Amino acid sequence: MSTEEEATVEVHPVSFPPEILARISPELSLQRHLSLGFRPSLRGFEEFRDVSVDVGTLSRYHQLQDPSSTKEVGTDNHVLGSCVLREGDVYVVTKITGGIIEDVTMSNEDIDEEEDAELLELTEDHSDITKYTSVYPVVEVERGRMGACTDEEMITSQKLFDTLQHAKILPKSSLKVKPGVRITNDDGTVEIIYPDSANSDEVMSSFKINKKWSYVLYARIEVFGRTGPVFDLCWNSLMYALKSVQLPKAFIDERATDLKMTVRTRGRNAIIRETYNLLCDPNDSTPIRLAEKNISFASTYGLIDLDPEADIANLEEDADGDEAMVDEEVKTVLLADIEGEAEESSIKSNITIVSNADGRFKRLSIVGGGAKITPALLAKSIALSKQRTADLAGKLI
Amino acid sequence: MTSLVIPGDRISVDPERPVQLGPGMYCDPRTQDIVPVNAGVLHISESKRGQTVYVDYDSKRYTPAVGDLVVGVITGAFADSYRVSLASFSTPVSLSYMAFPNASKKNRPTLVIGDLVYARVCTAEKELEAEIECMDSTTGSESGFGLLENGTVVEVTLGFARHLLFDDAFPLLRLLAQHCKFEIAIGVNGKIWIKTEEVKDTIACYRSIKDCCGKPQEAFEEIIKQHFKTVTNTVEE
Amino acid sequence: MSQFEVYSPEGLRMDGRRWNELRRFETSINTHSHAADGSSYLEQGNNKIITLVKGPTEPALRSQLDQTKATLSISVNVTKFSKFERSKSTGNTKNERRILEMQTALVRTFEKNLMLNLYPRTIIDIEIHVLQQDGGILGSLINGITLACIDAGIAMYDYISGVSIGLYDTTPLLDVNSLEEAAMSCVTLGVVGKSEKLSLLQVEDKIPLDRLENVLAIGIAGAHRIRDLMDTALRAHAEKRVLNASKR
Amino acid sequence: MNAEISYLDNVDGSCLYNTPHTRVVASATGPVEPKARQELPTQLALELSVRPAAGVATTREVRIQDSVRAVITSILAAYKYPRQLCQLTLQVLQAGESEELFHCLELAACVNSAVFALVDAGVALTALALATTVALAHDGTATAEPSRQQLMDARSVHTVVFRIVDGKPEDILSMDSHGDFSEADILKVLDVAETSAKQLNAQFRETVLARVNIV
Amino acid sequence: MAKDIEVSTAESQFILEALKQNYRLDGRSFEQFRDVKITFGEELGDVLVELGRTKVHCKISSSITEPYEDRPFEGLFFISTESTPMAGPQFESGNNTGEDEVLISRIIEKAVRRSGALDIEGLCIVAGSKCWAVRASVHFLDCDGGFVDASCIAVMTALLHYRKPDITVHGEKIIVHPVDEREPVALGILHIPVCVTSSFFNPVDAEQNIKGEENSEIVLVDATLKEELLREGVLTVTLNKNREVVQVSKAGGLPMDAMTLMECCHRAYDITERITDQILAAVKEDIAKRDKYSAILSSENAR
């Protein structure tokens, strides 16, 4: 007997505390968590992180809304709309700024578009995609150092741009500049007359403005404390921010309406009409008009196959030395709102859905390659996304 | 049994018996599925020991496999080995100073950068640098390996080179031989070294081989005749 | 431009030269004896150029190591104050395509003239600083490098002399300055020694094909004169050094 | 669709991919020696670049690149080539769609041409991936491979990539949808796309068969 | 270039030896320019040029923008040349500072843009505020030598083939007419530059080349990739049909006798004449196929 004992080598399985396992093998750690029915973040499979938003506080018009403040519009502040969104430990700061550009007319566009056509446009389902525009987003994911933008930042920016364009939320007509004219009255007072003000007709008719301008909106989206995919966070934050945008009114000085300038180069002369100097009204602004019913919110889902070998329950069975591995069907679980490195790196298949309050979809993005995407899982994520949208839409003031 | 396969196709192999996977076949490390990974002609053969499966496909990029005969260019020399390129831009392989006939610590080979060698792949592990040798390692003799002097190199597709080397019925060499005397070394890495006595013959061989690559065998004779005619005419002019 | 007459009916150019006259050509050799192995300072008209040759030395990077010959590297630094109007470009001028092209052209010119195969596994580093430029800059750079390389004692087959020729209507004007360069089409040559061989030839504007030959002929003659001027300067410098050495 | 395989000479595999409106050239080279910073210790690294027909690459191309990369990496037998590199370059010659608004036709053509080029180069793939674009009009009709005008008039546009195993669409590798659509629309689109993918697969087989037979 | 194609000593010696005996590998004579094949895409200004096995694609696009402040009467014209590993693995993606890349793009720039082949004053819409910006995007698809020559043909053919949308100017206001509404208009092409590249080989040693009396150097027109890898010098001459030298570039390399270089230029002129005719004929034919009306316009413009 004793010789036999000597020949026996005892094998101890190497074991690691959970936090170390999470670092050396994030995938296994994730699978272990999942087999117990919860995620590394201790959330349930279909549980979202809480979202809180703070809309418009960074905007230049914010002080005006505060009755206690005596301040005027912050002229150094160029933010037209903003949102600070917090989801879990991630902060997303979105600031929307704007500029004015001159339009080039395409002849197939109606040159004198009627104003009331615009209202129609907003309600009309069949309207043309070219009647809508997007904002130019720049996403910046804070990573503690400077450097050229990463692929993720570029891709997210482009996705935001495309999605907003195709969701038909921002009609071009609501970005049209309706310039007023600043006139100096006989008594020396300066007054700005806008097309929509009461006595505008006589003044406006005396200035024939040939050019057309539009606002362009830029969104700067900064993500702090990134823990996972950021598209849904950025999109939601952009939605809230966009809702709060106020467009400043713009005007032309009457003296600058017909300035001419002579240029000479290399023996040639020409008169160049000075481009009208369009100025923004520091005080007056109008809220932006959006196609309300298309406002939608994004959510992300990950799909992962459960690894039976990582199942802690199975592990104990195996320890009994019984090779009772049943050839069971692979079980795929759906995880809402991917968070953390383990989930992000191990989950190869994911679904991103942008949907509005009516349950219509504006964007659907599926990336496969990992767990197989079945119609059932797709339906499940769609159902979840509707809930989530309703939840997020409720936060709109 | 032969048939065309495309990556992802299911192939029927008996899962109970051992299977030997050749080029173009892959065993997925996770699912253990056996799938073809290249598009080409599937060959399944049965033998007593088991089944052999491979896909015959043509390509331009060579990956070393043990036993292959190759033509390489010396691109570097180190303390105990040469660095040899079997295809431009591919990971170079190494040729030990000891992999020559009669090599010893004192008796070093005298190849220089830019030389061409005919060699055999002796180790090829995908994770490691492949090695080639310029001798028959069983007998230690030269057996036609080693430096290829003068002549030139024609680059052809790998499938064409294999036909040229292994297919005895392939008519190209026989047809060339009708026109001139030549020395040839065929590398399955798609490099064919050829040398004749006269430059014009080498030129004709070069153009013939290049043109025949990718053409049906029936066309070879005419192509070759044409090229030899042109080179002779150019001289007369 | 029209207030200047590029070439007067009397046959005089803006700076008073005749059509076939070179600009003032003054050189000093071994100007930076502590900073480089060979150096020259060249004034060709208002072009002022410092050239430093360092090497052959051991290369700092492995990629610069060539088993068979020396690696030649040339970097041109055109200072921002070298023109009347300060250069506005904020970035590093070294990455401008025009400069990169010039560097490549110079490397390829001297690669064939220096006997680089005598210095395997080394690097020869040539650094050029253009303090002031006034037309025909590429030609002057060539002259500067030739002088500095000879000073550094690097084996070379022959002198290479560079010069630019303009074509005003039908008259070729030798060794153009910047005003002339802007007003007409110019050809830049790099000529090997006393031969008719061209190492470098660049035409950047339209020239009638049938005039080109004439322009080349004038250019080659001018380049030969520059070669002689460089030769005289080098010999004078060498004599002085030999004298200094024998004094000691 | 038609594809000219081995269109280019200097790369290992290539393809000129034509659909009625979109043209893309794809080239694949590999496995080759990677630069030190590209090298992956256990698998094949993929260097992918998408170039637009006009101008220089922008974020738009980076985005297309990202989608193509996701698809290609899931079909590459990457572990067969440790410490090696595959260069894949996709040059759009003609977008066939309004470039400011859409990228779906280019994306589909890029995916398909890339697969062709990889097969031509003999880089190991575990399956095929084939992409189709489907446009859903306002009246609910679904059109596979829409024209420029059909895209403009569409209520929603979808690009679907299927993994093709044993000649049949097996599962979705990627889906990229924009516009306005319902749950039922998604199923309809998938259905149309699947039929279209089957057709594509048949053409693909034919093209590849023709290539193999040359040898 | 990232890495080089490896050529063995035996191969390079053989090619040189063959050249000494008057043979080129592909069977051409030394002065022979490869056949040029021009094909047009579906859109205007979309051209594929094949020079032997070299393939270059060029696409023209245009937009309305503001002119440069110091040049209010001129439109904008850009040529973008970017090489990718598609042309061959020796090209690095996104690296345009390599020696060859810089030389190629500079020569095309000088040959086409700086020589004023495109009438940029004609691109002016409203002086100082609106003008056309025309961009030629050159894509190198396959490299078998002669990138510069092929690209130049591609850019010029595409420019001749392109039509920009018609516009109406009402004072400050510009109306762009879509292609289906009004016949688009051709660009103003002032001359057609054609590049011809000659490569030089030295059959003797370096010293003999520089010091020797006889000029034994070998001159090849339109080298293939293999020949380009082995050449010791290169000369690119750009000419137009008016017997004007537009650009000459011999950036160093093997010193060559001035008379030999002049011969290269004269030989290039013969090729230029032929290629110019081919370009014009190809454009004319394709445009005629598209529309009879526009065919009349193009023949007027293509002087």
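The first chain written gets the first letter, and so on, giving A, B, C, D and E; residue counts start at 1 in each chain.
Everything below uses one rule, namely that contacts are C-beta pairs under 8 Å (C-beta built on N, C-alpha and C of every residue); 3 or more make two chains touch, one makes a residue touch a chain.
Computed from a prediction, not measured in an experiment: that's the story for all the values here.
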Inset, instruction - Using the touch definition up top, find the fewest steps from chain B to chain E. - result: 1
Legend entry - Selected pair, greater C-beta contact count between C-E and D-E: C-E
Legend entry - Farthest chain (mean CA position) relative to chain E: A
Inset, instruction - Name the chain whose C-alpha centroid is farthest from the C-alpha centroid of chain B. - result: A
Legend entry - Between chain A and chain B, centroid-to-centroid distance (C-alpha), Å: 55
Inset, instruction - Starting from the mean Cα coordinates of chain A and chain E, work out the distance between those two points in Å. - result: 45
Legend entry - Approximate Å spacing (C-alpha centroids) for the pair chain B, chain D: 32
Inset, instruction - Take the average of all CA coordinates in chain B, do the same for chain C, and state the distance between these two points in whole angstrom. - result: 51
Legend entry - Contacts with 2+ other chains: residues of chain E: 3, 89
Inset, instruction - Report the residues of chain D in contact with chain A in the complex, numbered from low to high. - result: 59-60, 62-63, 66, 70-71, 73-74, 101, 103, 138, 152-153, 155-158, 161, 163, 171-183, 185-187
Inset, instruction - Name, in rising order, each residue of chain D that touches chain E in their complex. - result: 8-11, 14, 21, 23, 25, 27, 29, 32-33, 35, 47, 49, 51-56, 87, 89, 91, 93-94
Inset, instruction - Could you pull out which chain A residues touch chain D in their complex? - result: 125-126, 128-130, 151, 154-155, 157-159, 162-163, 165-168, 294, 348, 359-370, 372-373, 375, 378-379, 382
Inset, instruction - Please give the residue numbers of chain E that touch chain C in the complex, ascending. - result: 97, 99, 102-103, 105-106, 110, 114-115, 206-207, 210-211, 232-233, 235, 239, 243-259, 261-262, 265-266, 269
Legend entry - chain E - residues contacting chain A, complex: 64, 70-73, 126-129, 168, 170-178, 181
